[in-house]
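In what comes next, subunit A is part of two complexes: it sits with subunit B in the first one and with subunit C in the second one.
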Partner chain A sequence: DMGVGKSCLLHQFTEKKFMADCPHTIGVEFGTRIIEVSGQKIKLQIWDTAGQERFRAVTRSYYRGAAGALMVYDITRRSTYNHLSSWLTDARNLTNPNTVKFSINKYTITGEQYRVMKEIPAVIWSHMVPVQVVAELTVSTVGNTGTSPVPLESSTRTAGVLSLEDILSLGKTDNSSDSGEEDVIFLIGNKGDLDAQRDVTYEEAKQFADENG
Partner chain B sequence: AEHYLDNQFPNEDWKTAISRVFSDRICPNDENLGNQIVKDLHRTGYTGLDLGSNYDNQIVLKRVLLAYARWNQSVGYCQGFNVIASLILHVTVGDEIAAFKIMVHLVDGVLPENYFANNLQALSVDMAVFRDLLRARLPQLSKHLDGLQKEANEHSSSYEPPLTNVFTMQWFLTLFATCLPTETVLRIWDCIMLDGNEILMRVALAIWAKLGEKVGEAQSADEFYCTMSEMMQSAVIGKLVLADEIIRLAYRITSFPFPHLSQLREKYTFNITPFAAENSDDRSADENQEGVTQNTSEIANFDDSPFFCFPGLTSPIPLSPSNTKMKSVKQQSLEQLPNRLKLTESQRHSPHNSMMSERMSTNIAALKHQYMTIRRRQ
Partner chain C sequence: DSEPASTTALILEHRPSNLPKKSAEESEKHRLEYEKMIQRARRNEIKDAQKRNRTAKELRKHEETVASASTKWTRDILPNWETMRNTANTRTMWWDGLPPSVRGKVWQLSIGNDLNITEELYGILVARSHEKLRSMHETQSSCSEDTVSLSADRENSVDLIRLDISRTFHNLCIFQEGGPYHEVLHDILGAYVCYRPDVGYVQGMSFVAAMLLLNMEPAKAFISFANLLNQPCQLAFFRLNEEMMKIYFAAFEVFFEENLPQLFARFKQHNLTPDMYLIDWVFTMFSKALSLDVASRVWDMYCRDGEEFLFKTAIGILRLHEPLLLTMEFIHAAQLLTRLPTFTHHKLFVHINNVTMVSHGNRRWKDVLALLSRD
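Right after this comes the complex of A and B.
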């Protein structure tokens, strides 16, 4: 949905910088980055789509042929979580049918955080960068072999270098041991820094992910 | 804008209407609209103007957007309006009522209906129409891009939408506000208000003509997107295209009104069904032609289409090559190309379609002349 932080995630991933007041996407935008996975360089092409409902018809064609997808919701807005199933339907209908999904909930800092922080005097704000956030990361993969949870250490990260690539490389590594041709869909619960305003619990999101493979 | 509003809504009491749409009282739909608008307010900023960062400006922007959404509830708020409205507010120096009126004029009057509503259907149509115009006016570039798209589709199981779509979508939706420097954008907007929405097509063609050479070097779809993203970054700060040049070219492309534009729009309006997932609007050009045969009959039934009113007048008008000297092959000059739409591959194969193209080449001026003659006789 709109305003969950899709473009912000993409910007962090491609530019390795946190972007406050990240402009919303009009239609679709293109991002690219080369990552290294087990010594191999892989170029990732990422399509970032507009979140507003009416754009769906024009952005849909960019799902087709995707090797994977990130579905992002805002943990502080239940409505964005409730819409996940309809986005998932679109993603399923338009991507490779034999799809394996990874589900990940990850906490990141986004524009919302910045907005909140802007109300803090500038001096203090400048001392608060980089913001320390604890990333909770749990990965569960469901393939032919069944569920094999991969526990990750809770780690301390700084805003702006939240490593989406970790997620992606995990996906790639695990996938390579399988047939390697399947699509992957990630679930990202964004704005984890706003935990106090949390509207969707980690557990239920995980359940949603598990139920949908 | 005032003129448009008075003509279009002669019975509307504007004072009341204005106070209604700007009212502080909360309307039933406001919560949802307000949420969407507020989500976008702080991320309206783009190069040149930074209205998004100023709190007071954001409040005015919100009021204008909400006023428009209340005024035209079938359109409501569409992402991109914030960009348009903030630029209008910049011009009106914060006068929200003037900005609202201009917004109504622009969205309801000047731009095609459903550009921002109804799944952005008219925008999808224009994206398809534009590909046809590109094919006719810049055949080399168009062919190159189609080639890259085809190659990308063959190379993997993936599907590559037409390469120009990403850009035309954004250009048309924000009327170039996010891709060119503000001064250039404002000049283009003047042209749009004076000479109609076909300026969008003309300017987009002019931009592609400028980008053509560099884009022509791209060897893959991926390379194309990367090159484009670099070029668009320099375009927005005014380093790629000069306002004078773009506007001059846009006006020189062809006569007004843009030949066949309304016919093409009509054709794709029937052809495109953005609602069904399978029938995505982004089918390749060849696929797009499949539906034409059945649709021509539909279009032919349209009484108000001047184009089919005089079946006797279907002979193509000889072209007038105004300028015959060629510059370079790469720098295909738009105005040098024939005024006539080139037939696409599949159109050539289909007798029905080729007939349609013949008809399309009929000079509108000739039709007008014929029409006047008939009226005189009546």
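Right after this comes the complex of A and C.
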């Protein structure tokens, strides 16, 4: 949905800094970053789409050929969480239906466990739940095991703290034994710094993730 | 020339007494070298001074041109709008860019008010949007946000406006919460949602309204805003009318290919489709993609030439960046187009001027559009 912080996340990922009052995206914008996975340089192409429901007809055409997706909601606005299932439906319907299959409970490491493991402040990870969709596409182009997450910078707003690199490597952590031929969808509850205004609990999001694969 | 002549004020020290004396020949050589140095420095200083004078003169001249243009606009053209708007002289002055002092007025006159909206109606609509917001918040705002997507009546989208206002021209620092234009921009957009609940609030509108608000009074800005959005091109885009948008994209491609065949072929090959960059450009009429002064001039010309100029500008931008775009792979070209580097007026407008909006020998924008609509 609009205003959940998608562009801000992208900016953080590509520029490594937080951007206040990030202008809203109209249509689509693009980001790239080269990450190194197991000694191999991989270029990520990220498509950052408009959030308003009205633009959905337009942004739908941008799902094709995607190797993975990040679904973002705002923990302080329940409506953005409620809309997740319809975004998920789009994501599933618009990737190749023959190759998309769902697998359950593949990721044993949740955001919560990861937090304990890495001693990262709870507020950052409490809403990060991997949801996954398995397809015949390229996890290997997204990331793989072995990348140790960069230390998180402290910032006043969460969108600035959340590192997509960490999310991506987290997703892969449990996936090492796989052939790596999957589409992955991650669920991100953004704005964890506004915990006091929280409208969606971690457990709910976790449940949503579990129910959807 | 008020600059201190520091380089020519070097003091030539005598040789310290504890060192052996220079030969006459050597002293003479050093003296000559010193004089040469001083002369060179003087020449440079004179050149710098001339350059400063030139820029000052140019600036003065520019200011004078703007001042005289603005007199011409206010004294000759504006009072006789209907007869003067299309004269060759007016059109040339228009192309040079409208003086900021008359910009708002010319935009208003060009956009017109076919909808016959009065300032009173604006007041009523603002009051209505306030009421709507109040009642929505009383009945749990989160529910209403949910219904936005479901209901055909988009009056509820009034609640979404606040999410975008602070993110509109945030570098100007006037639309943010607490800023002087924050409430006014909200009012205009809220009033529009109440005026056209079938369209509602659509992202991109905040930039259009803000551009108008920067050049005219709130009620006038609303009237222009509603009339502007009632134009065929804006209606097609803001209603997200896919069929019509596709026709506009196709028409754009006809002229894109005509003007830049090589780049067109490359984009086709890389699957870089016009929607990826045109949506942002058309929705905001370049006010997000270009710097404020460049965008204002594009708006000036939009007011003179209509929707065609938006697409001409788009081709002008592609033309400006063509050499670079031809070397880029998909993702970098797409990135460049969705986040344009800043450039000057002059550079872009030279390229726009070189775009021909005639295809197949004699088809103009309107003809191509009509032809595509028929198919």
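To be clear about the criterion, the second predicted complex is superposed on the first by the 141 of 213 C-alpha atoms of A that agree within 3 Å, B and C clash if a C-alpha of one lies under 4 Å from a C-alpha of the other, contacts with A are read in each partner's own complex, and residues count from 1 in each chain.
Throughout what follows, a residue touches a chain if its C-beta (ideal position, glycine included) is under 8 Å from a C-beta of that chain, and two chains touch if they have at least 3 such contacts.
Just so it is clear, the model here is predicted, and its values are computed rather than measured.
Once the two complexes are overlaid through subunit A, subunit B and subunit C clash, as defined at the top of the document.
In the superposition on chain A, A:22 makes contact with both subunit B and subunit C. Contacts of A:83 after superposition on the shared chain: subunit C is touched, whereas subunit B is not.
Legend: residue contacts after superposition of the two complexes on their common chain; A:32 is shown touching both subunit B and subunit C. In the superposition on chain A, A:64 makes contact with subunit B only, while subunit C stays out of contact range.
Contact with subunit B, but none with subunit C, is seen for A:93 once the two complexes are overlaid on the shared chain. Applying the stated contact rule after C-alpha superposition, one finds that A:50 touches each of subunit B and subunit C. By the touch criterion defined above, A:2 reaches both subunit B and subunit C.
The intersection of subunit A residues touching subunit B with those touching subunit C, taken from the two complexes, comprises 2-3, 21-30, 32, 43, 45, 50-52, 54-55, 57-58, 61. On the side of subunit A, the complex with subunit C involves touching residues 2-3, 20-32, 43, 45, 50-55, 57-58, 61, 77-79, 82-83, 86, 199. Residues 2-3, 21-30, 32, 43, 45, 50-52, 54-58, 60-62, 64-67, 90, 93-94, 96, 111, 115 of subunit A are the ones touching subunit B in the complex. Subunit C makes touch with subunit A in their complex at residues 142-143, 145-146, 148-149, 160, 163-164, 166-168, 170, 176, 200, 202-204, 206, 240, 242, 245, 275-280, 283-284, 288, 331-332, 334-335, 338-339.
Taken together, the subunit B residues at the contact with subunit A in this complex read 36, 39-40, 42-46, 52-53, 78-80, 82-83, 116-121, 123-124, 127, 156-161, 165-166, 169-170, 173-174, 178, 222, 225-226, 228-229, 274-275, 277, 280-282.
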